[in-house]
Each structure stands twice: as C-alpha cells, then as structure tokens.
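Before any comments, here is the structure.
Going by the order they are written in, the chains are A, B, C and D; count residues from 1 in each one.
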Amino acid sequence: MPSSAKPAKAKIGVLGASGYTGSELVRLLLRHPHAELALLTADRRAGQEMRTVFPQFSPFQLPTLVSIEDTDWKKVKLDLAFCALPHATTQKVIADLLEKAPKTKVVDLSADFRLADTAAYAKWYGHEHHAPKLQREAVYGLVEVYREKIKKARLVANPGCYTSCAQLPITPLLKAKSIDPDEIVIDAKSGMTGAGRSAKEEMLFSEVSEGIHAYGVGHHRHMAELDQEFSLAAGRKVVVTFTPHLMPMNRGILSTIYVRGTRGKSPEDLHAVLFKFYAKEPFVHVLPFGQTPQTRHIRGSNMTFIGVARDRVPGRAIVVSALDNLVKGASGQAVQNMNMMLGYPETTGLEQVALFP
Amino acid sequence: MPSSAKPAKAKIGVLGASGYTGSELVRLLLRHPHAELALLTADRRAGQEMRTVFPQFSPFQLPTLVSIEDTDWKKVKLDLAFCALPHATTQKVIADLLEKAPKTKVVDLSADFRLADTAAYAKWYGHEHHAPKLQREAVYGLVEVYREKIKKARLVANPGCYTSCAQLPITPLLKAKSIDPDEIVIDAKSGMTGAGRSAKEEMLFSEVSEGIHAYGVGHHRHMAELDQEFSLAAGRKVVVTFTPHLMPMNRGILSTIYVRGTRGKSPEDLHAVLFKFYAKEPFVHVLPFGQTPQTRHIRGSNMTFIGVARDRVPGRAIVVSALDNLVKGASGQAVQNMNMMLGYPETTGLEQVALFP
Amino acid sequence: MPSSAKPAKAKIGVLGASGYTGSELVRLLLRHPHAELALLTADRRAGQEMRTVFPQFSPFQLPTLVSIEDTDWKKVKLDLAFCALPHATTQKVIADLLEKAPKTKVVDLSADFRLADTAAYAKWYGHEHHAPKLQREAVYGLVEVYREKIKKARLVANPGCYTSCAQLPITPLLKAKSIDPDEIVIDAKSGMTGAGRSAKEEMLFSEVSEGIHAYGVGHHRHMAELDQEFSLAAGRKVVVTFTPHLMPMNRGILSTIYVRGTRGKSPEDLHAVLFKFYAKEPFVHVLPFGQTPQTRHIRGSNMTFIGVARDRVPGRAIVVSALDNLVKGASGQAVQNMNMMLGYPETTGLEQVALFP
Amino acid sequence: MPSSAKPAKAKIGVLGASGYTGSELVRLLLRHPHAELALLTADRRAGQEMRTVFPQFSPFQLPTLVSIEDTDWKKVKLDLAFCALPHATTQKVIADLLEKAPKTKVVDLSADFRLADTAAYAKWYGHEHHAPKLQREAVYGLVEVYREKIKKARLVANPGCYTSCAQLPITPLLKAKSIDPDEIVIDAKSGMTGAGRSAKEEMLFSEVSEGIHAYGVGHHRHMAELDQEFSLAAGRKVVVTFTPHLMPMNRGILSTIYVRGTRGKSPEDLHAVLFKFYAKEPFVHVLPFGQTPQTRHIRGSNMTFIGVARDRVPGRAIVVSALDNLVKGASGQAVQNMNMMLGYPETTGLEQVALFP
C-alpha cells in the first residue's frame, strides 16, 4: 500500500507519551512506514528515556522525553501532533501549538474538542471552554461516520472509547430509523486501561481483580458525547441510558445494548442494516446473525466486532459490540484519522491481527 | 445462638462433593456447629479422599468419597442431604433416596425441582420431568421470600445463582407494584465458578482471562425460573430481558437491572421499598441511595448487597445487586435452607465476613 | 473452646485500619468470640466510617475511624493493640502508647521491632531505631518457634510475610542440622496485597496483571530478618539467596526453596524432620512426600502448607511452602499471637477453611 | 526488507491449526509478506472454518480446516510445513510428508525431533522413536546458536518454550566457561498457554486464577532438552535443577536463574559476556546491569529480555530472562526458522512491538 505523492515520512509528535494511549501510539507508529517519531513529551518524566517509562521499548531508539513548555513548535515543524493529555489541559496546549505552527495537524485524544456545543462542555466538565474558536473548526473523528470531513480537517477530536463502542453499532440504526430512540439501554464493561495510568487507590490490582462494579451510574461524562452524536444521527434529541462498569482485564470494552425495533423492524432487519453499512469497512466486522462478540478476539487490533441477537421479548433486540479501548477506542482510531488527514491508505500501520489468547 | 431442643449434630450428606458447590458446602459445614458430615459422594472419584480432589481440605478428616449407587440410604440415616449434582440427573436420585429414607430432608441445588410447572420444565430442559409427584411437594428455597414454607418442607429447590441475584432486588418491587413488569432489563455478569468444574475448552484459563462475553443471549435456562417467580410476585405474567455474561473472576454475580417506576414512583421510592423489605434480613444489605455494590465486597460471604441509583432518563432507575454465586447463590443459601428446615438459627455457620481483597 | 478464667471480651484496638492488614484484622476479629473492637485508627481517614474505606463491612457496626493523635491511651484502656502501620512510623507510636498505658499488650505487624540488633535495623532501614529500650523487650512472634516466650510477652513483633513462608519450612531443618546453611536459595512469589494499599503506579491493575517480575533482587529488606532467624536456628551465621517476585493474584506466597541435605540426608529425611516437627501444630500442614502445595488452597485461612520433593541432582531437595500473606503471613499470625498473649485457645477466631476456588 | 531472488510468496501449511501455537502461526503469517497460507489442518475440527475455532480470524479469508489424512502432500506442494501437533504424534506425520513431498521443508514445534539421542527420547517419552533416520537430519532450531545449520536444514526441531528461555541466557555463559555448570538452579514461571488448549480440569480458569504452583518437580520432560544443549555448550555433562511453575497469565515465561561465576568471574563479567554475545541479535535484548525484565514487556513480540544482577552471596549472580512462550518460545521462533530456511530476512513478519499493557 504505497502512498505515492506524499512525503515518505511525516514528522509526528506524541504529546503525553507516558500514559497508556501515548505508549499505544508509539507502539503503532514504530511500525508505521510513513511515520517518523520526532517528538515525545511527558511533563513529569521530562529528561527520561521512553524505555524507563515503558520498558517494552528498550530495544528501540526513540526521542528523549521533553516537557511541552520546553518545546518550540516552530522549530520541530511537526506534520501532525497527537495530543494524549488529560482532559481539560488540552485546549490551551493546542491553541498555543496551532498559533505558533498553524500548518501542523492535530488529532486530540482527550474530550476537550468533542462537544460542538461549548455550553454543553461547560456543563459536563465544570469550566468554560478555553478555545471556543478552535472548537468550531474541530471535526469529530469517527472515521466510519465522518470520513470525508476528516480528510480535510486540521483539528480532529478523537472519540471516546465508550462512545466509539456504542456509536459504531447504534448510529447506523438511528440513521436508518430502525430503532426507537427512546428505548436504548447501553450496559458497557471496560478493561482497566480505560481508567488511565494515574496512581489511584481504586485502580490498584488488589482493588480491581476478582470483581466488577458499575460507576458513574446516571452521570458519566461520555453521556454528553453520546447525546450529541445520537441526536445528530436520529435527527432529534436522544437521551440514552448508559452504565459503565470496570472489570479485571487490561483492554477491551463490551457494550451490551438493548433496543426496540421501530414499526415491525425485526432483529434480523437490524442486523441487515448494520451488515450493509459496514460491508466495505476495514475495521468494523458484523458477525453472522445470532452470534455475539468477545473482547478478547479484538485485543490489540483496530477491529470492532458487532453482533445482533433476538431478544425473547417481542420487538426487542440485543446488540453487542466489542473493541479494544486503546486501539479502535483511542490510539488506533487516532492513527486511522492521521492516515485520512495526511492522505495515507486508511489501514496503514493498523494491520495487526488480534492477540488471542 | 444456641439450638436448645435440637440434636447437637445432624447427620448431613453432600451428593456431588467433587464439584464447586459441593466443596463449598463442605467448607461451610466443616465449621457449622450442628453439622456432622456423614456422607460425601462423587461417582467418578469414588474411593478417593476429598483432599485429593480438593487439596484445601488436606488438614481435615472427612469421609472417603463414595458413589451414589453404593450408598444405602436406609443405613446412612441422613437428617439432611444436599444434592449438588448436574441438572437432569437429580430427579431420579432424589426420588430413590426419599423412597428409601422418607424422613431425610433434601436441599437440591440443581434446577430439577425449581419449576412448579412440569410442562415448563420439559420445554426448557428438553425431557420429561422424572419425578412429577415430588415436584408438587418441592418448595422454592429463597428464604427471604418463602421462609415459612421452607421451615416445613422436606424437599427444597435451592434457587439458581442468576435468579437469586435478580429476585432479591426485583421481587419486592414487583410485589409492591412499584415498577413496570414489562420493562425490566437484567444485564448479569458472572464469575467462572458459575459454569462449574467440568473440563471444557471454553472454560480454560487462556480462553477466559482478559475478556468478557455474553452467552445464551435470548434463551438462557434461568429465564424459566425468573418468569415463574416474577409472575408470582407481580400477580400477572412477566417476561424479562436477561443477558448473562462470563468474566474473569472466580466468584460473584453483578446484576445491573434497568427498571421504570410505576405511576410516579421515583428511584428514591424504589430504594425505600427495598430498604424496608430487608431491614431485618441478616443476609441482604441495602446500601444508601445512590451507592451501588461491587462483587468483591461480598466474596466468600452469604451476603447480598443491593443499590439503587437514579437514571438520567426520567422515571427510570438502575438497581444493582451483588452476591457470591457459590454462597448466597448456591451453597450458602442451601445451608440457610438447612438451618430453616432443621430448626437451627438462620445464620448458623454463615457468619463469615467477606474476603476482600 | 471456652476460655473460662479470662474476661469474656478483651478490648482490642487496630492502629492502621485502612490498610490491608488492618482490614484483615477486622475481618478476623469481628468473628473472634473474645474480641471487642474498641478502637480503629486511620490518620488520613479519621472521622470516616470503616464501611466507606472497606465496603465489605457495610453490614457491621464498627467504631468510627480516629487519628492516633486524638487517641487517649489511658482512657481507651485497651487490653491489646494491633499496630498495622507503615514501617518506620511505628516505634514512636508504640513507645508513646506503652508509656501511657503500660498494661496494654502490643502486636506490631510492621518490621520495626523484628530485628534484635538495632545496628542491623539502622543499616537496613536507613535511620536509627527510635525505641531501642523497647526493642530489648520485644519477642519475635513466630508462634511455632517462640510459643512460650510469646505467652509472656507484652510486645510481640509479628514476622514478615516472606520470612514466615521461608522460616516455617527451613528453621526446623537448620535446627536439625539436616541441610547445608550455605546453599539455600529461596525463590518467592507473592500476591499483590503484600505490597500494601498505597497508590503507586507500579501497583495498578494494568501494570501488574498478565505478567510477573522479580524485584529487590539481591537487596530486599526481609533478608535481615531471614539472616537473624536462620542464624539463630543454625547456631552460626547464615546468609541465604532470596529473590521475591510479584505476580497477579491478591493473596498468597509460594516459596520454592532449593536446599542440599547434609551428610547423606535424603529428601525423604528432610520431609521426616518437618513432618515430625509439625505433627501437632494446628496451622502448619506437611503434605505427603513428593507433593507440593498451591497458594490457592490456603487462601483466606491461617494455614501453611509445606511439601518436599526430590531434585534429580543427587543430594538436593526442593521444598515448597505456601501461605496467605494477609493471614498466616500477617493478621492471622497476629491474632494467633494475641490468643497466646491473652490466654485464649490458640485457634480461636482462626478456624476459617480456605476459600477455593 | 525485500527478498529479491526468492519467490514472492511461499506456500505454507500449518498442521495443527486449532491449538494455540497453530493460531499464533496464523496470526504471524497473515502479516508475513512472503507467506501464503495454503493449508490448515485440524483433525477434530476438519471441515470447519478457522473463524469458528478462533473468532479473532473472522475478518480474514483462510483455507477451510482439513484433516491430515485427507491431505495429499504431493498435490499441495508446500514450500514449508509448520507442524504444531501434540508430542508423539508428529514423527510419523513428518516421515510420511517428507517421503511423499521430499522438497517440502519442515519446522516441527513438538518435542519429537529435539533430542539427537533417540535413546534419551525413548527414556523421557516412554516409547521408541518412530523416525530415527529423520532424527539424524534434524537441526535444533535455536537461531541464535545454530543459525548457519538452520539455513541449510530441511527439518528443524523448534526448541521448547522453557528451554529457549533458559538457553538464551545460559548457553553463552557455559560456552565462555564463566559459570559453574554444577550449580545452576532454574526457577521458571509460565503462563497458561504453555499448557495448551486441551480441556483439562486443572487448566480451568477457576483452578488456575488467584494462585501459583510448581509442577513436574524433579522430573519435567524439558530437562532432557536442557541436558543436551547445556552439555554441548559446556563441553561436558551438565545436569541442572529446574522447577517449572504455572501462574495466572496467558503468555510469558520468566526464568530466575541462580548461578555461580567461575574463578573470580563477577556478576558484571557475566553481564558483559551476554551483552557482547547478543549485541547484534535482533530478538535478544540484554538490559543494563542490575535491571531485570518483566514478562509483560515482551508480550506478543518475538523479543527475549535478559537481565543480570548481583546476589549478596559472594560469587553468585541472578540471571533473569523473559520471553513470550507462544512467540519466541514457539511460533515466532518457528517463523524465524522459516525465514532462515527460505532465505528471507530474519525479522520479516516478526517486527511487532510488545503489547503492553
């Protein structure tokens, strides 16, 4: 899959390389034929080598970690920067970067540019948006839905992991008006990397292993993103029930979604809508009717698996989707966006087969 | 908690001691002050010592395992037999036992006597009921609902683990007519011991760790039991949506249950119903409103934790329940039934505090 | 097991109740017939309820957590205090406690009083001993070795988890002069609770699951304790090779110990020494020759399992021991010490059978 | 890394594609630019699609599984066959294959051709060798040691996972006569995929999670392979102490190896030997002195990490090595052998970076 007219190598930066989405970007980009890892930042680990922070990179030569403050955006001349910083710290960083290096493209993995409505942002995140002007420019980066816009974008807001896992199966059904928008229940189970790498008591192995629990019941921030995208897809306001759970696995989200078909739409009809919608997509695979996916079978890959089964309650269907929260739910999706924005073939660097067992 | 008039020790048998519910019964009964473990059966392991099958019992003196065929029911004179055999093998065994030793009481942990309607049994289990007469005598053994009947019963059908976890929070709400019986969605996550100890490829560590999946989507056998008990509680036919999942932990079920309050019943109202219903129950604990439980906090104990939270969709609530499938979901519940049937204080032998972490 | 002459209930305090050894003490003492939990301290959580810090205690009435500073030792009049504080903070706390309430007995679970040689303490822990006078009074609390001294002690230093797991199999062999003291290699594998509950990046679930690693290679602090006890047992200086590993399980230590029999002592001879030494001990079980233990079979119990097998290298044997680091390796051992110090039967409150699976 | 003179694609067969080493071969070969997966066999699953046996392959077109009996070796004209069959079934299969298609090359992942001495084979495996003539032709396939022989071989015996993990650090030290061959203790910890995919009770999730145990103590079959290779390296008979353990992770072996330097060789000297030996090897990485590896940092990659640390016992060192038992310990090593045998660059298809977390 050559990329004829493009520069052989694009200069890439990863801001926030000491977290899990940062290291996952490095993992993928190390094997991307058109990426040159030119900049890695990690404020608290500045001056250290990546192999100290993530020993799996010991055999590789990588740039020394630097702080964002010490980075001269004009000088590094990045073709594209991935921003894997915590929520609420990102808007100012990107505004500054784009002011100084306006030709650099940006894929932001935080939630900072996902909500088009800055009032909704302020409500859910508890503070004013710091870059409302840039927000207008930002494109929501779910490639399967917004591919053409993404190709032309300078700033892409990479979707959240939970929302990706819910949108991929539900958005086509809402667009096709095949399900009732008022009866969607999303029960999501996530692996622990979704909670990040910060040292918190509730993330310790002994707190997390051998158990499962719901959290953010009734008030998780990803709801704002779901509302926005599902309302756009349905052409009306949609508010879904969504409960996230944390469970003892590293990677993966499984969303078990309970829906009701509209006006006689059977579970088989819903399956047909999804099967057709994704027939040519490289990273979404719809299983045969009645089969449902397991998270382990997409681990480490950029693939999403979707299954549809018949509920025994007439008119209702159960849709199950699975993806790796660090790949299709974050860094793989981000590389897919990069490929679109820089004109590389969509699957470049993302061909890795799932690691099972 | 003395048991004045009763015999100091009851002669107890465990049929099927080589499985997980069998070993869990032995664990509990070893420390039950009124239980004498007089008989342990395990057909395929007959002649072996329990410590060979379960090395945690190495320090204890226990009866050698025997086969059921070689057991003389008249001679062993059990006060009570726990039957922890696979589904569909139990009806004949118990019929034979009760014919030869009609004074022995029986707690059956299989599904064989749970469905009062033998036609429903035949439909869900694929063969005729082998002891329809005994079925009429069997009492469904959820102590919190059928305590008085259980005290007088000779044959008690111990509830299923999934159904216990769903009934304890939902039955009181249906009885109080506080929730809409037509909009109940139960999303259940179970640890692996729920799948038993038989050697199957899909239960291997490498198949199960690092992932989660739904199974029996739309057609799990526990549905029949849920239908029966929920319909009784509601006083009308109830068919719920129920999806079980398997996940990498040994013990525990978490049920996330989506309900709609009837006629203006708020989530707080539902919480109040449950709080009142369980105020004096030793083994069901309702958390403060808005808090939801974690399976790890009931591990190894006979406790059920229940939480109720407000959904952001008006009128809807999210009820979460957690229990240990091997204790309150099986063997602990069975000992609780035994205590009722033999006249011991309800909590005897079941006082163990949860093992966390 | 009644305790005739003793007070029905002893007033017990747990200092440091918000950590894992603290919660494990509470778990055990809640079911100890002679313990009244009169005081629970946790400086950072002072004012909170135990159920907030450890939800498994939600159904129980327990004292509100207080800070040590706010505790009036004269007023609370504890019969015995368990000290489950971090290393290096304990010496001053206990000195103060015993000055103000000299009749209170103390079981200290930290390393602060384990080394009789305060110079060795200073070397390994990097600061002077803060209570050298008390150190002279302290008794090393491995009941199986120092039972009689412990019965008369006011201050007992509870052994470390790794050292308990190594001493129980090796000390009798050194005492019997059955193994070469210069060729002992201890390869130990520990569950994560051994690393405590403090929020550190390297203890996060995603850092720890799906892997194993050695740490403290060549310089782990438990070595000082091993040196002291093994030298005492052998009657000469002993320096062993010891490598601890951390692995993804909550509880348990497995020590695989490589030894050489002295002057023709066969592996069977070593087994015989251990079998005889522990024949009447309630909490150490020696498996039949050739069998080796699994940590899961002692989980949650106060039991230690020991196995001895023949190496194929002539003259060498492989000794494997397993215990639960939070029970026999910490809090169970501490309660065993309490029973000795207060005159209760040794096994009181420690009868719980291992939780497997 | 183009392969100029070679055919663009080699026809490859995987015999035994329904096991873990089989599926791992498929995972790697799907992304190998010079491999065409022409044949997949799985006797018990013949007629099924690979996606049924391993759902992670659902998005891929792969040959339908066939039985070996139904395979016409002359017709399929494989360039190379990987044999991932159980031990003891392989000798006859390969003899038949090579008789009918003598130009096909074979990499055998079983133990059937690893022991040059057919008498040793008979002793350890309990039956006569079925292809002693072929045995003479077989080359032991540890590329780092036998690279040149492998390039010319028709039949390569892929090393065992435990032995690879021990040989890579120890063989260079024995060759350099830097360690005492009579004092090598190897304590190995393996993930569960090393035990294969056959349905056995002791491999169930609930039997294996939350614990660790040694097995085959004193008599594991990999010892024969260690004896052979270590004796060759040392130029004299070597018998090592080796204890394998099973622990709850999917992939990875950690070997903690206790050695004594010869004639004043310090731990730093041993480190220098290894560092130099592997300076140019693409798949073995020696960490800086004093650092030791974690299995998680090589997961999914073909990399081996080796560390050397100083023991506090004078003259002794602790060497720790880590590899993924399914990659460098089996299928990755096999593809590395294939690359050598067919003339492709050594790293082709094996560039994948480790998947952590």
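Keep in mind that, in the parts below, a residue touches a chain if its C-beta (ideal position, glycine included) is under 8 Å from a C-beta of that chain, and two chains touch if they have at least 3 such contacts.
In this text the structure is predicted, and so the values were computed from the model without any measurement.
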{"item": "Graph distance between chain A and chain C, where chains that touch are linked", "value": "1"}
{"item": "Any chain in contact with chain C as well as chain D", "value": "A, B"}
{"item": "Distance from the mean Cα position of chain D to that of chain A, given in whole angstrom", "value": "36"}
{"item": "Whole-Å gap separating chain A and chain B, where each centre is the average of the chain's CA atoms", "value": "40"}
{"item": "Distance from the mean Cα position of chain D to that of chain B, given in whole angstrom", "value": "46"}
{"item": "Junction residues of chain D - those touching two or more other chains", "value": "20, 191, 193, 206-207, 209-210, 248-251, 293-294, 296-297, 299, 357"}
{"item": "Partner chain B, residues of chain C touching it in the complex", "value": "20, 23, 27, 30-31, 54-60, 193, 209-210, 250-251, 285, 287, 293-294, 296-301, 303, 305, 351-357"}
{"item": "Complex interface listing, chain D residues touching chain B", "value": "20, 191-193, 197-201, 203-210, 248-250"}
{"item": "Chain C - residues contacting chain D, complex", "value": "185, 187, 189, 191, 206-207, 209-214, 217-219, 223, 239-241, 243, 245, 247-252, 254, 256, 258, 290, 292-297, 299, 309-313, 316, 318, 320, 357"}
